[in-house]
Structure formats: C-alpha cells, structure tokens
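Once you scroll down, you'll see the structures, which are given as structure tokens.
Heads up, the next two complexes both have chain A, just with different partners, chain B and then chain C.
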Partner chain A sequence: MDVMANIVYPVAGLIGLYAFVSLASLVWEGIDRKLVARMQRRVGPPLLQPIYDFLKLASKETIVPNTANYMFRAAPVLALATTIALLAYTPMGFEPLLSSRGDVIVFIYLLTLICFFKILGAISSGSPYAKIGAAREAAIMVSREPAMMLAIFAIMWRLGKLGVEKPFSMGVFYQHNIWEIGTPLSFVGAIILLYVFCVWLASEIEAGYFNIPDAEEEIAEGALAEYSGRYLALLKLTKALKTYIGASLVVSIFFPWGIAGYLNLSGISADIVNLLFHTLKVFILLFAVQSVFRATTGRLKITQAVELLWKNVLPASIIGTLLIAMEVIM
Partner chain B sequence: MSLSPLVPTVLRNLFKKPATNLFPRAEPVPVPENFRGQIKYNVDKCVGCRMCVTVCPAGVFVFLPEIRKVALWTARCVYCKQCVDVCPTGALQMSDEFLLASYDNYDDKFIPLKPEKVEEIKKKLEEQKKAKEKAKAEKKEQSKA
Partner chain C sequence: MNAEAILPYLIIIPLFGAFSMPIVSLAGKKAREAWAVIISGATLVVASALFYHVWDTKEIIVYTLGAKTPFGQGVDFPIRIVWEVDLFSAIMALTVAFVSFVTVIYSIDYMKHDTGLDKYYTLILVLELGMLGIAITGDLFNFYVFLEIMSIASYALVAFRNDTWEGIEAGIKYMFVGSIASSFVLLGIALLYGQYGTLTMGYLAIKLLQNPTVTAKVALALFIAGLLFKSGAAPVHMWLADAHPAAPSSISAMLSGLVIKVGGIYALARILFSIYSPLGNKILEVYHQPYINMSAVGWVIIIFACLTLIIGNAMAVIQTDMKRLLAYSSVGQIGYILLGLGIGLTAYGSHTGEVALAGAIYHTVNHALMKALLFLVAGAVIHEVGTRNLNELSGLAKTMPKTTFAFLIGAAAIVGLPPLNGFASKWLIYESSAIYNPVLGAIAIIGTAFCTAAYVRVLYTFFGRPSEKIANAKDPETSMMLPMFLLVLAIVVMGLFPWQISDKVMIPAARMLEQFNFEYIKALISLAGGA
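For the complex of A and B:
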C-alpha cells in the first residue's frame, strides 16, 4: 500500500495508454477509410490522414455561436476527459489499471456519459438542427444500452460462478472466458451474445445502419452541426477513442486470449505484447463491424433503428443470457 | 438481419486494383478526338469579318475597328466551338488544353491578343499606310513629271 504502486504507476500507465490508444485509434480510422476506399475501388487517403485532420481542425478558428451557453465549450472537454478516465477501466489485453470489484458499472456509466456530454453540447448550442440530432442520439443511446447491459451482467455473473477474486470487474475476462463454460447451450448463447455485442458496437460507433445522429446527409449534420475548430477536433478524437474502447470491450469478452504466455514473457514486456495483440484483434473486429458494415449498408430511419434495437437485439440478448445461465439456474 | 448482398462484391473489390487515375502523379485521362479545349487565335490569318463577334453566346470577342482584328478574353468562353465553325479563314481553332486553372482572371493565357501587340499592329498599319501614301505621292509626281 505505498504511494508508488497506488498512484504513480497507474497515472504513468494511464498517460502511456492514452498516448498509445489515441495514436492507434486515429490510425485505425485511417485504415478504415483506406479499406472502405479499396472496397469501392478507390485509392483512399493516406493512413495518417485522421492525424492530419486532427491537427488541421485544432489549428483552425473556433466559432462559438452567440446563442450557445457555457456547456457548449465545456462539453467537448468533458467528453474527452471522460474518455481518458474510461481508459483506466478498459481491458486491453491485460487487467485494467484500476480494476476492482464491480467496476463494470463504472465502465458502462462512463461509456454512456461520453454520449451524454455530446448530447449536452449539442443542445447547448442553441441550434434547432443540433437539438434534433441530439434527440436522435438520445433515442439510440437508451435503446442500445439495455441489451448490452443485460448481456454483460449475465456473462460476468456466470464467470463469477467459476470462481474469480474480483467478481463483476473488467478483469474477470482474463481469468475465465465465456467459451470455457463448455456446454453446447452456453456455446450457442455465446454466439447469440456475440451478435448482440456486434450490433451494440455498430450502434455505439454509428456505423452502417446506425449512422444516424452525426451523418452528413441527415438534418444539417446532426448533433455536431455547430461545432468547429478545436472543439470539433476534441469530439473527433473522443469518437475515435470511444470506437477503440467499445471494440476493446467486445474483444475482451469474446476473444481475451493473449500471446505473451506462449512467448514466455512476463512483467511489462508481456503487457506490451498483449496490448499490441489486443490492438490487432480490435482492428480485425472493427474491420467486420465498422468497415464492411459501413461499406455495404445504408442507414436506417431513426424509428427503424430504435425498433431493431428493442425488437431484435434485446430479445436476442435475453435468449443468449438465458442459454448462458441455463445450467446454473436449473 | 440478413447479410447484405454487397458483402461478396465488396470483399472481392478489396483485392482488385483501384480503378482510378492518380492525376497529379499520373498523366490525365487522354482527351478524345475533336476535344473542345481552349481557343487558339491566329492573328495573322484574321481578316476582321466580325462573324465570331456575332455568333459568340458568351461575349468573348471585341472587334477592334482600327486594326480590323478581334480581342478575346477566353476566361469567359463556354467552349461551344461556334466561332471556330463560323470563322472563314480558320484563324480560330480549338486546342487540347484543359488544365487552365489560374489565380488571376486576367492571366496572359486567357488573352491571346495583348494590347502591346495591338499597338504594334497599329504602328505597322500606319507605317504601311504612310509607305503607301508616299508611294502614291511619288507616283503622282512621276506621272506629273
């Protein structure tokens, strides 16, 4: 219980993770744009384009509408701050820096809070177009979370039955995983939950069907209509980080295996190798859920998207949860 | 949710070459025959018949009566080729040039007949006139004598 182990190392780790993840997530955005371009037989921008975009936006003049109140300026900063805080609770190939009992609630809370700050910023701008975008964002947000929360709580509860030291912590995925339960029913349940999480991830990162609140062609660019310059740069970075974090969650639930064990590494080098391998898995997952989904589907109407999330994804989540929990309940 | 029918196409495309022209690094797409590029004006062939002034829908041409030529400002041209079709001497021709972006509306490349050149032609004409008058006067004197 010394200062070094409790404060200095986590802070250093968080700063390191933040630097790495912001770079990796922006590079992924570049890879995504390149891949979608190649799927449409275009060449696409250079891989580092999102970084150039970020720098350009950060250097541009920031215009604040005179109808905006102080939350308009505060929301992008708070959203990015929340995202950085969330990094401390995100499993990235190793146990999260601040993992403790029950921190799954913190994880879900912070992940939703990012969205909430974005909505707050949009409704503080005074623009009715941004308000409509914010209303849509809110509708999607409340529709997508229940299915994901049910699934993640069920999985954590089921893994807790296998014996873990910190139940309901984001670290449990690295002690037991969902495929270890071993019964055919749980296997089918896991596949169904994988579907649920993929749809959840797609709606979280607004890809394909769910590209509704921010889409350029929607009502005057939706929630981000009034943002420019530095604030827009912050929100874009937040979105890139959130994409990485959301995918990290799905990867750590369903594909938590690391390669450091096979390479006989330990300590910090094992963590770094696992982080890089985790990043590779995140990229592969995002390729399926973001790039291909984005390239092959148009967006739904807001009513259709909400309907899909309540009538298709939530029931799937309930069925998958029941199948996972089956042999414990009976 | 069924799988989108585009998925196989898209994944196949991923392994094909991009079907694009990398313009600043590569040559632009070649122009077809009879491509309507920027107008080229041959001052020496021009006889000043004013047909192009009549037919031009965009008002590119201004007739210069002293020298019996036309002045052009091709920044306003709509590339309809009517002046080329109507020109009796072939002084106006379409070229293949189409990379005409410019910072300046009055760039030299939009003005084939420059004011200096007009002055030059004027001087030449005057000299010719004087020479002719001189020759005439000499002839008169000769015939008198």
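For the complex of A and C:
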C-alpha cells in the first residue's frame, strides 16, 4: 500500500500534470501571440501555432557546431528534466505532489537550476553570441532572485505564525494567505510584494523590459543562437513550462482561492476543477505581466535592467517584507 | 571479530609497506607500484573493518601497547601508550585510508615522468601512516610523534619536484612555519606534562578537572595556535596557498583532503572535547570550583572560522591559477568545519551544538572526498595540457569530456547542490549557525556565495570556446580515471542518502565526541581492573 501511496500515485500525478501543463502552456503561448497581434491590429497566428512550431522543430535536422562539447547536447535535456521535476513541487490549485517541510528551497533551487542549465548549454556551444547572451542571463538571474527569495521567505514565515502543519512548504498557501492577516500594514505590504513578484515574473519569463538574454535584434537570439531542431524544441517547451510554473507561484501566493469548495466537490474531481480554475488565473496574470507588458514596452539595456532590479525591486521587497513582518516583530 | 586484534594492523601495514618499499623497489617499477597499491588497499580493508566494528557496537576501543592494560604494576595511573578509537576516529581513519588508496592508484600514471619514485611511494605511505596514527591515538606524546611524521612527510612531498623553483620555495615556507606550529604543540604538551605528570589523554582529562590551572589554559592556547596553523585557518593560511599548487596533484589531494583535517580539525576536536572536557568544566562552574571557560574557547574558534570562511572563499574568486583556486577554496571550507566545531563547543549540551558538531564531522568527510576529486582533476588537466592557468584552459570540455564532467560533479558538490553530498553537511552547519546566531548564518551564506562565484567562473572557462592550447588534449588513461570515478561514485551515493548517513553515523559520532557520560575517560578506566 505504501508503495502505491508513495511512488505510484505521485508518478502518475506527475505524468498527468506534465501532459496537462505542456498543453496548457503551449496554448497560452498561442493566446499570448494572438492577443499581442490584436493589440497591434494584426490577425495573428492560430491558437495552436506553438504546438505546430514545436512539432516542426522536433522534425527538423539538428545541427551541432564543431566547437560544441557534450554539455551543448545535455543541457536542453537536463533543463527540461529539471522543469518536469519542478512540476512536482509547484502548487497548482492544490498542494504540490511532493509537498514537505522546507520544500520552498527545492522550488527556488530547481527554478534557478533551469536557468543555469540554459547558461551552461549556451556557453558550451562555443559561439560568442551565445556567450554574451549567457553572461546577460547570469547577470539578470543573480539580480532578480534576492528580491523574490526575501519576499517568499518573509511571506512563508508570516503564514507559519498563523499555524500550519508543514512550515516553509509550498502547500501553506492553501491553508492561509497573506490577505487573511487583515491589518492595514500587511495589506499595503502585500500589495508592494505583489509588485515585486510581478516584476520578478516578467524578468523570469523575459518579457517586455527584460527580453535581454535572447534579444534577437542585438545579439541574434543570444543564448539560443546555436540551437536548432530537437534541442531548440526542448528549450522552447522548457521556457513555456517555466512561464506557467513562475506564474503559478505568484498566483498561489496572492490568489490561492479555489472554487471546488463552492461546488461541493471533493477528491480527484475537486483537484481537477481547482487545476482548471488555477490555469485560468495563471492566464489572467500572464495576460497582464506578459502580453500587455510585451506589447507596450521595449527592452532595457542590461545595465538598466540590473539597476532596476537592485535599486527598485529589491528595496520594494525589503519594505514590503518589513510591513508584513511588522506586527509580529513589534 | 576482535577489534583490538585488528587495530594495530592499521599502523603495522603502512609502516611495513613504507619500510619495505626500498627493497621492493629493487624488483623494478611495476613491483613498486603494485606494492604501494596492495599496501594501501590492505590498509583500507582494515580501516573499513574497524569503522564497521565501532559503528556497529558504538563502543570506544581501547588498545594498550605492550601489555593488557595501561596501568602499571602497583600504580593506579596509566603508564603505557594507549590507542583510543571512538566513532569520529574511525570515520577519519576510513576517510584517510580511502583517499590515500585512490591517490596511490592515481599516482601510478600521474607520476611516471618523475624520478625518485621509490622515495615518493615510501613518503606517501608514511604520510598515510602519520594520519592514521593521529586518528587512533589516545596518548598526547604519541599524538605529537604522529603529527610530526605526517608533517615531515608532507614537507618532503610538497618539495618533491625539487627541480622546480616553486616546489622548493613552497616546501621551505611550509617547513619553517610548520615546524614552529609543531613546536607550539610540543610546548603545550610539555606544559601539561610538567603540571599533571601524565600524557594519556583520558587520564589527563581527569587530572585537568581536579585542578584546572593557568598552565592548562596556556597549553590550550598553544594547542589552538599550533593546530589552527595545521588546518590552514585564516591568519595563518598562507602556506597552504603555496604548498598545494607546488606539490604534485596526487599530494595536493591528500594535503587538502586529509592533512589539514586530520592534523588540524580532528586533533583540535580531540583536544577540546576529550582532554578539556566541556561537560566537566560546566559541572565545575555549577559548583563554583575553578574551571576553564570552554564556551569562550568556542567563540575564539568561531571568530577564526568566520575570518577563514570569508578570506578563503573570497580569495578563491580572484585566482587565475587552477590549483591555487582550489587551495583557497580548501581554506574556505575549513572555515565551515571550524564554524561547526566552534558552535558545537559554545552551544555545548544543546541540540543545536550537537547538530553543528555532526555537520562539522560530516563536512570533514565530504570535503575530503570532493577536494580530493577536484585536485585529481586538476592533476589530470595539468598532466594533459601542461598549464594551470585558467585563462588558457578555455573549452576543455571538448577534448577532455570525462575529466570536466568529474570537475562539474566536484564543483557542484562543494557549492552544496542538493543531489550531492555537500548539501547535507553544509545544511547542518547553516541550520545550526542560523539558530545559534543569525549573524554567523549570514556569514556562512556569504562564504558560499563567493565559493559559487569561484567555481562557476571555472566552469564558464571549461565549457567555453575551445582554445588552441587544448586542441591536442585527451582524457587521461584508465588508472587516472578510475580514482576520479570512485570519488564521483562516493560523492553521488553519499548524496543520495544524506539524512540516513547523518542520523546513523554523524550524529552518533558527534555524541561520542561530546562525551555526555565521560565515555572517553570511562573507556580508559574500564581497563584498570585487569591489572
């Protein structure tokens, strides 16, 4: 029985989630492209275009540069594998499959590791364009994570004070949320942190201002310059999944409410309804952070982006954190 | 299995191997190498058996040289040399034997272009012998003798390539300051012997508790000074940054993986916990007797640990010489171990202290494995490409894929990435230091940030665009790959069961070291009846 509960069900759940999220995230990409096209008075591609793109890339010939080493071929696979592993720790309308005490660190670690594999793959190609892209990716990564980590740890610590069974787990958001604290200070703090997380999400998915590492016009697709065929397909899929996962984090911190309770559902059907509702919320959030941001703003220089993240977002995160923590500390 | 019967073989086998090496060498090159591998392999078998026995029974083995009991005829104090092996000693002995074994295998091809190899293999076995001796001894002067055996062998091995200027320079530097440090230790032993008239660690602990004098404090200061030097702690780490790059890489792996831990950390822990009993001093304090404030001593170590952490890791970031980078990284990691040790002493008796101590022991073993791996990789790179300059080694992954993969694993482990062994040990140290004092936790994190930067820089070079220098390099032959493979395997397997190892081995080892029931002293006294 234990084998069933500990191994078989989580694996089945993970496969199911992977199938669903791949589909949903690629469909979202289609919706996003359609919406941006409409904002620019174009017709835009069909909704399923990213899936066609994926299939086409996967069937294309894959070219490996002769300066590349084994990491060039391993990195896309490792990045996708990390992303799939990350799905088991992502809250998606219900507690993550492998929720345990302290798994927030695993979440952050795996999310960063995807980026790291992308960087490793890029520098392994031997192409100078990819190397510049990788250096930018690294600079952005180092700048954006502290603000997010501070905010998420503060929120988890604050929610832990309200009494949860697994402190610092991704599941706590479904037991308490930050709007419940209810004091004006914490409300203002939560709004500020929402801003922090939105900027973080935009830089994580490289939208708008932060479309820097892969900037097509400047450095010819940057980190992805040398990738073609199957590997490019894997990296595109990874990026789509990561977009969904990043947005899932923000949604579950700030808008964790499910609708299954109102419909008197329980068990598997409740999870499915909550997952669908969660996906809707993810799409709405991504509409604001990705589509609108992408359509209305241009790219920053790398120095400006790093400056924005350190001088604007991190202080905001500190202020928001202090406001949230205020009544516990005092 | 009778543990007392196999314990002497831990010393006999390498001693016999080292002394017979000049004769065996007459039979030729192959015989010499085979003999070194057989001897270190046999030592590994003995060390494993010893470790298994101590771990299984959770008892401290006491072995007396020359008689059944250390207590003489008609006198009620120990007069003979005793060896006392608790779990920490057994862990250290196993680590030493394992790393020495892989290093000896590695040396076969790595050293084949050098001359004077009969002396090399003799010295490497003597080095192993000295470290094993330090790990198992329960006698203070015996400890000093083994410390000197280890130190002198390592001076000679650092300067082994005596046709290079840097080998001689580093050797002289290491020898001069190392001798001074050793003489500090000897002076401390002399003071204790003059005051208390015994050299047996367990009995000395009793004497110290009966009468904690100023002399004992002075001796403690001398021990700490001497042993912090041997471990490469911050203000006196400069020898290490010269000695490691100058030595042959197989020796760097032993120096960095073992010598600084056994001769520094282990010896320090043994003296602080087994001779200057923190529990005994706490009891004396409660009864308003004169006592030695061990928690203040712990703070002294913590201060050095924080300095070491920051300086070592920060200096590693700016190096362009691959082995120098690894040497500074060793200094940084020693900082973590010292931090765990210091918190174990200041927070003595609490759960936090125990976790910190277990983390320090765990990290000692882990770091021995990963740093041995990294130095062996560096050796392979130098062997194939002929340069240590990181700026010239761009794109090495193209021509030496297996070697760079081993480096990737080692670097990820040392930074502390979760599926590898470095994570659990560093986690224990972070957790305990953050609970004990958040500032210490923050310092530990800053150290890790530097460490990450240093290794990511190397990876960035290795996986970059291939340079002309590396075009003709290739992975080294099997006898050099096999040790790396063994170490990678050990790192990955230990990484898969971190908390099991922590609960089943490291926490019991920390508990035995803390001596809540004076186990170390009792184990010695238990032999008194047999006289």
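Definition applied: the second predicted complex is superposed on the first by the 329 of 330 C-alpha atoms of A that agree within 3 Å, B and C clash if a C-alpha of one lies under 4 Å from a C-alpha of the other, contacts with A are read in each partner's own complex, and residues count from 1 in each chain.
Quick note on the criterion: a residue touches a chain if its C-beta (ideal position, glycine included) is under 8 Å from a C-beta of that chain, and two chains touch if they have at least 3 such contacts.
No experiment lies behind these values; they were computed from the predicted model shown.
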item: Touched partner set for A:R41, first chain B, second chain C, both or neither; value: first
item: Touched partner set for A:Y109, first chain B, second chain C, both or neither; value: second
item: Touched partner set for A:T62, first chain B, second chain C, both or neither; value: neither
item: Contacts of A:S228 with chain B and chain C, given as first, second, both or neither; value: neither
item: Which superposed partner A:Q175 touches (first chain B, second chain C, both, neither); value: neither
item: Contacts of A:K131 with chain B and chain C, given as first, second, both or neither; value: second
item: Partner chain(s) touched by A:M71 [first = chain B, second = chain C, both, neither]; value: second
item: First (chain B), second (chain C), both or neither touched by A:I123; value: second
item: Common interface residues of chain A - those touching chain B in one complex and chain C in the other; value: none
item: In the complex, chain B residues that touch chain A; value: 1, 4, 6-7, 10-11, 13-14, 16-20, 22
item: Contacting residues of chain A [partner chain C, same complex]; value: 67-71, 106, 109, 113, 120, 123-124, 126-128, 131, 138
item: Chain A contact footprint on chain C (complex, rising order); value: 395, 397-398, 401, 404-405, 417-418, 456, 459-460, 463-466
item: Parts of chain A lying in touch with chain B, wherever the complex brings them together; value: 35, 37-44, 199, 292, 295-297, 308, 312
